[in-house]
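The two complexes that follow have chain A in common; it is paired with chain B in the first and with chain C in the second.
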Partner chain A sequence: MASHDVMPDIELYQPVELSDALDLLERYGDDGWLLGGGQDTYGWLKDRAKHPKAMIDLNGIDSLHGIRELADGLEIGAVTTLVEMIGDPVINRDFGLLSQAAGRVASPQIRNVATLGGNLVQDTRCWYYRRGLSCYRAGGNLCYADSPQGMNREHALFGASRCVAVSPSDTAIALVALEATMVAASLDGERLIPAEKFFAGPDTHITRMTSLDPGEILTAVRVPSKWAGQRFYFEKVADRNVWDFALVSIAAAMAVQGNVINDARFVCGGVACKPHRLRKVERAAVGMTLSEESADTLALLASEGAKPLTYNQFKLPLMENLVRRAVRG
Partner chain B sequence: MNDYRYIGKDFVPPDIVGKVTGKAKYAEDFRADGMVFARVYTSPMAHGRVTRIDSSAAAEMDGVIGILTADDLPPVEAPNAPMLTNTPVYVGEPILAVAAIDEKAAEDAIARIRVHIEPLPFAVDPLDSLVEGGPDAREEGNVYVRSREGSGFRSVKWTREQIDEFRAGKEPTGESVDEWSYGDLERGFADATVIIEEPFVTNGYAHMSMEPRTSMAYWENGTCFVYGSAQSQSFMIPGLASMLNVEQKNVILVSEHTGGGFGSKIAAYPMMALPAWFSKKLGRPVQLRITREQEYYVGSARVGFQGWIKVGFAADGRVTATDLFIVEDLGPNATGGDGSSAGDAVSIVYDPESMRYRGVPVLTNTTPRGAQRGPGQNQIAAIMAPIMDKAARELNIDRLEIRKVNAAHNATTVEADQGPITSAYMKEALDMGAKMFNWEAKRDQPRRNGNKVIGVGIGQGYHSAGSDGFDGLVRITPDGKIHLHSGVGNLGTYSYASTTRSAAEVLKCDWNNCVIERGSTAAHLPWSSYQAGSNTTFTHSRANFVAATDAVNKMKEIAATTLGGAVTDYDVADERVFRIGSPTQYMTYAAVAQRAIELGGAYSGQTWPDDIHEITQRAVQNIAGTGLIGVGKDTLRLEGVVPGLAVAFAEIQLDLETGKYDILDYVGIAECGTVVHPQGLAAQMKGGAVWGMGMASLERHVYDPQNGLPANIGYHQCGIPTYLDTPSEIRTGAVDLPDPQSPFGARGIGEPAMGCSVAAMTAAIADALDGHIFSRTPISADMIVNHVNGRPQSFKPLQINNF
Partner chain C sequence: MDVATYKEDIWGREVILGASWDLLWLVVVSAFVVIALHAVILAVRRRAARPSSAGPRVPRHSAVDRIFHWIMAVTVIVLLITGVFPIIGLEFSWLTIHWIAGLVLTASVVFHIVRSLFWQDLKAMWISARDLKEPFDATLKPGKYSVAQKSMHAAVTVLVLLVIGSGLVMFAMIDTPWWERSNSIAESTLGWVFLIHGLSTLALIALIALHIYFGLRPEKLFYTRSMIKGWISKEELEANHDPERWAPGKSS
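Right, the complex of A and B next:
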């Protein structure tokens, strides 16, 4: 068994135009690797668990940087760093949910270089998959975690289909709650993908975690003004308080008038291969007043449909409690 | 405060500047002409037999210099770990090494090698091996028994019923291979008002040294030069020489700085010797830098416990009896020790009137285990603290008081033979901590605030903290410099330097005029103990005291000979030997050093004491004639166990909805005799506190029972605590009462600093949960959530590998 920690030989391209990046991606196909902050990339490459021939560094493309106000909300370039988002006054003013989520990603050092795009498209942390085992997600034909003796404390409650890995992205649940739209560019043009459809479960794409097609680059995320300034709640429960991935997390947006919930989005992380919307909670919340009773009522709906594995049943009460806390605020 | 010039005072250890500026050289920073880089190929299987190695494609690659396999090396008798093996007994065990012109070429070559391995049965949970019909971790057996009648491997099995009853919390009835006791256990339990009986688990976990081990080696004229990552210095030589099949005089170890060892780099280890053998084969210097991942395979880990304990308490809280049974998770090639050490710790910290220890160290196909800070003592500290609290509650005694009732003191007798200790002030430590922590107020504060609940806990830690019989060496040269030769090794605690200050204290010299000789065994270093076991401060304060005293005596003799009068007429101060009452009659240290050279003999190292170690003898021989030599073996009085003790008080706020908690306050008190180096002590207490916090809630090994693969091969997966998992301030203090068997009263502290922390944390968690005892480390958030919500835990009793 080899063990590596030295970067392999790889071509490095640093285009300054998106069109050049798209050309390179087209040229290299599966052998091309898009580089944002590199925080997921370098692990894969140094471990030699992935073997691309070329890295296409997106950081030199100006159009992919920055936070811009739109007529309806905001657009955040895909290589905008998380620390830039955390410090952005407009995001903080209108979409505190997103800055809170960005602020809970990894560690300060990682947030300094990690990009929004990279955080959204990062691969799952299932340790079997990361070890390079030939599981379903790696193109094999079994799941080591979903087996009688599998170590699956951190795996999925919902949406399992052969693979039981979970999405590790903290910003993803916030963007699904905010009804964001992902902008994907390809040589054929631009495609807008609702955040909820951007993330892919194993039932649709078992070897990747987004619905980006080959040849597409995530260039920006648009956050509509629909939820601007509404009542938000974000919480991430992880073993460690920094540099860790969620056991369970929640991003909630509620339109509240008086004390009544008029509209709501509840999204959990760490429980499914993609951000998991709590639709029953959302439906039931509409018309409820903000109260401990409502919190208790809604909490009980949170984990409906869950299929716990051997070691992750604790995620059920944890989900319920996070819904309870989201309602409490 | 004492009146010492250096003892108890802060100072700047000489390696600080290099660490801050980046100029400090660690093992991987060294280069030699013609050096090549090695990488190792390790076993993907938990247990197997290599049937064929196809390295032909790798051997033909550009840049590849050579390949080393187990067949190139002398056989190593189990349970000693080999450098390379054809019968791997854990995932990650090195099978072969490749050397190339750079690391990348070596990695590329490794990736082209095909090793065929026939799988053999394996076990990653000791109980799976212990049960009848269960697999043995080695073909030789599943237990290595040491006994006077003959040591060796055995296959020890319990019936399934015995395993089931053990899991059910009943007293184990299966065979143990290690047992000791004292007192009347039966009567102790009969006299008890309260008896508490608990099965328990402490999961093993990695040492996680920040510096993965690196070694570079080459040969010159039959001498092997090794540049390695090591906790110790002189102590590494005998083991290294043995691994290299050379005499000790033919090994030079350079180890200037070490990025953590924590028990995993105490003595010579296989990966340190491997490049030397490879160098011999290739005729070129070879450097082997273990990857971070591989450090988790070969870098050692804490022994795990699956145990049962029964403790009896009298109405006043006195522990009348303790019955302890421990199944040790030993990995594939250790021989045990943590279990019995845990028993020793109980005998000291809680001083039971009667006690029995039984244990069975079981081999598993997991990463090799070794001593990790408080090996045994700290595991049991985590389990005992909530038990003490449970008894206190049932007896309606304050949790502080029940500890004071049982606290170790100067007359406490300890361990199986109920021998003496050099000194102990546990009660004073508890009182000091209670005052700093404001125990009563914190204990009595309102506890519940919505879903948040306060918990407070007290922990106690212990480790034997000193030894004797090692050598000290000082040299005063004609330029007036005072050379303090330290063979201790630079683990990072700065005790290599702080212990030399006892020599400076005796010599009454200017510290700025002292030069610490260290970092290479070629620097004429004496035989010093391992830098581990909390023992450096006690042991080498004594050794340096002995050497400096020898130097002072020699200087007085020279002065008396030169200036007239008797030796007793002379004293030393300000780097002068002067005639008492006639301060104008003196010789400077520089002049005495010059005179020593002229006189020769013992004064300048031409002769030396018969009882010093051969390593010290060679050091003296090499510096003979260069100045005045002070050298000696520590034969000072040492009667009894030298205890390092510490207590901690912790306050947490636990969130019942998430299972997470914040540590609101933490106070750690050292009871280590006289404080030698306040900043160093505070660093030990704080570092130990953080480690204990990690052990309490985060750190654990996880092995997949399907394939023996470890899940933890990186900092993230291992759960080492971060700044935000620890309190913003860790307060520390020290009792600072001298130990009578240390010249300056100092004992060691490293390991208890952690044991008290993990114990305070498990106690505080139990307190927050109305006394619920998990009897397990780590207590992770999922366990707390399940408990609070009335759900069963996801693992069966005594199970490890639940992730």
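Right, the complex of A and C next:
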């Protein structure tokens, strides 16, 4: 596959109103490409693996920027940069889990330009797919990563349905743990999608990572105050400490009173095509005290139901240990 | 319009990817046009008096055959919905429903084949030279099945066997309760399997549309009733069949 230093010839639109962006998206259909920070986009286009005719830059739309406090939580515009989130006092005070997750994305340079929306809707990093091979996800009829010779060290333990790629987003798991809601706009109006339903598995949407319909734009993310100020834990394990995607990551939110867990959300990244909720761990955690014994008990539940591939069995103890560490704090 | 779609395999060679689903619209529109034309022609023609369903009844389909028919009908409809809807953009978690329906269809077809070979009159479905004269000679009446019904059966047999055969190969490519997916079939072979599965599905869509249309036509409704209740009236028998060639009750 040829890789180029320069962008292909492409029409660039820089609308300043959301309605204009939606009109452009409607006009170009599959040939339109939404641009946030460009950190997923530029790789695709320079590798000539995707061939949109028009790029619709969302960064000039003021309404998609910024962090706003709501009566019940806060709203983060889709093109708010990760650096803005990391430095925001309200996010740091109430939703440290999210700023920790944003702070572990890629590298400082990338976080300066990468947007929350872009981080959430970015495509999978399965290298067979990114190389432009015609796999299931690209509309083909097989999965190269899951073939007998396939290299699948980074691939899925759960929820594989023909495709075994995983979601690369660090902020996604934090937002699922915080029970966020995604705001999607289209020419037909606005649609609110719970974070957990926003991310799509290959059983339903094998050629895309989210449940955004054609013609829809993610405009904002709303984080309810339910988990504000609770006990959080975020950890990302990758081959490198910066500029790398998670092998396995965890975002945990726990409502703890007097050392007893009253409610909990545990979400793992890097193990499925969408953020993977550890429901058994969550159910078992309620009523437990924060202790070494609880950590050991819950850890063993983390990897139940996993279907490891040829080269990713190491993710099982990794998941278990991340749950153990999350409970220990 | 292409019949097949192509892709580059991992070595950069062009191989078949599968059927071109642009053909779906051609199939749907063609079936609609044929049905509409037929309906208009019959509406213009003078209608013969329809035989009464009252009076003595004669058996046409045994309970076993009726159950088989409706199991097959339901599974084929489920297979078409789960197979085609995601392709036209109605996405849902279809794969598990699809393979379970496929296995039910396979089991019922195997049952039907064994039953027809050993317990039924196989010749009743065979298309003879005399059958081919039927459409052109109003004095010739069919035995149990008309040449149109036999042709439909033959076409559906071939297509269902093709779709089942290719489907079983594809079944080996996914996780099931009995094995884990292997993904070990060569890309070029897999392309042919997808092509056969896709084209036979497209042909089945056209045939099923015609089958449903004829099953709902007023003058043919008594056949549909017989597939539900098992009988036709003696008057319907005499008006549509040659008693010399089909003696109801003696064969199924």
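FYI, the second predicted complex is superposed on the first by the 326 of 329 C-alpha atoms of A that agree within 3 Å, B and C clash if a C-alpha of one lies under 4 Å from a C-alpha of the other, contacts with A are read in each partner's own complex, and residues count from 1 in each chain.
We take it that contacts are C-beta pairs under 8 Å (C-beta built on N, C-alpha and C of every residue); 3 or more make two chains touch, one makes a residue touch a chain.
On a predicted model such as this, the values are computed, not experimentally measured, just so you know.
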{"item": "Contacts of A:Ser161 with chain B and chain C, given as first, second, both or neither", "value": "second"}
{"item": "Partner chain(s) touched by A:Phe199 [first = chain B, second = chain C, both, neither]", "value": "neither"}
{"item": "Partner chain(s) touched by A:Tyr311 [first = chain B, second = chain C, both, neither]", "value": "first"}
{"item": "Partner chain(s) touched by A:Cys143 [first = chain B, second = chain C, both, neither]", "value": "second"}
{"item": "Contacts of A:Arg240 with chain B and chain C, given as first, second, both or neither", "value": "first"}
{"item": "Partner contacting more residues of chain A (chain B vs chain C)", "value": "B"}
{"item": "Partner chain(s) touched by A:Trp227 [first = chain B, second = chain C, both, neither]", "value": "neither"}
{"item": "Touched partner set for A:Phe266, first chain B, second chain C, both or neither", "value": "neither"}
{"item": "Overlap of chain C and chain B interfaces on chain A (superposed complexes)", "value": "133, 144, 147, 150"}
{"item": "Residue ranges of chain C in contact with chain A within the complex", "value": "7-8, 10, 17-18, 91-95, 173-175, 180-185, 187, 190-191, 194"}
{"item": "Chain C partner contacts - residues on chain A that touch it in the complex", "value": "133-134, 139-144, 146-148, 150, 160-162, 203-205, 307"}
{"item": "Residues on chain A engaged by chain B in the complex (per definition of touch)", "value": "1-9, 47-48, 107, 127-128, 131, 133, 144, 147, 149-154, 235, 237, 239-244, 247, 310-315, 317-318, 321-322, 324-325"}
{"item": "Contacting residues of chain B [partner chain A, same complex]", "value": "39-44, 91-92, 103-104, 107, 110-111, 113, 291-294, 451, 657-660, 697-698, 702, 704-707, 709, 711, 713, 716-717, 719, 721-725, 780-783, 785-786, 788-789, 791, 794-795, 801-803"}
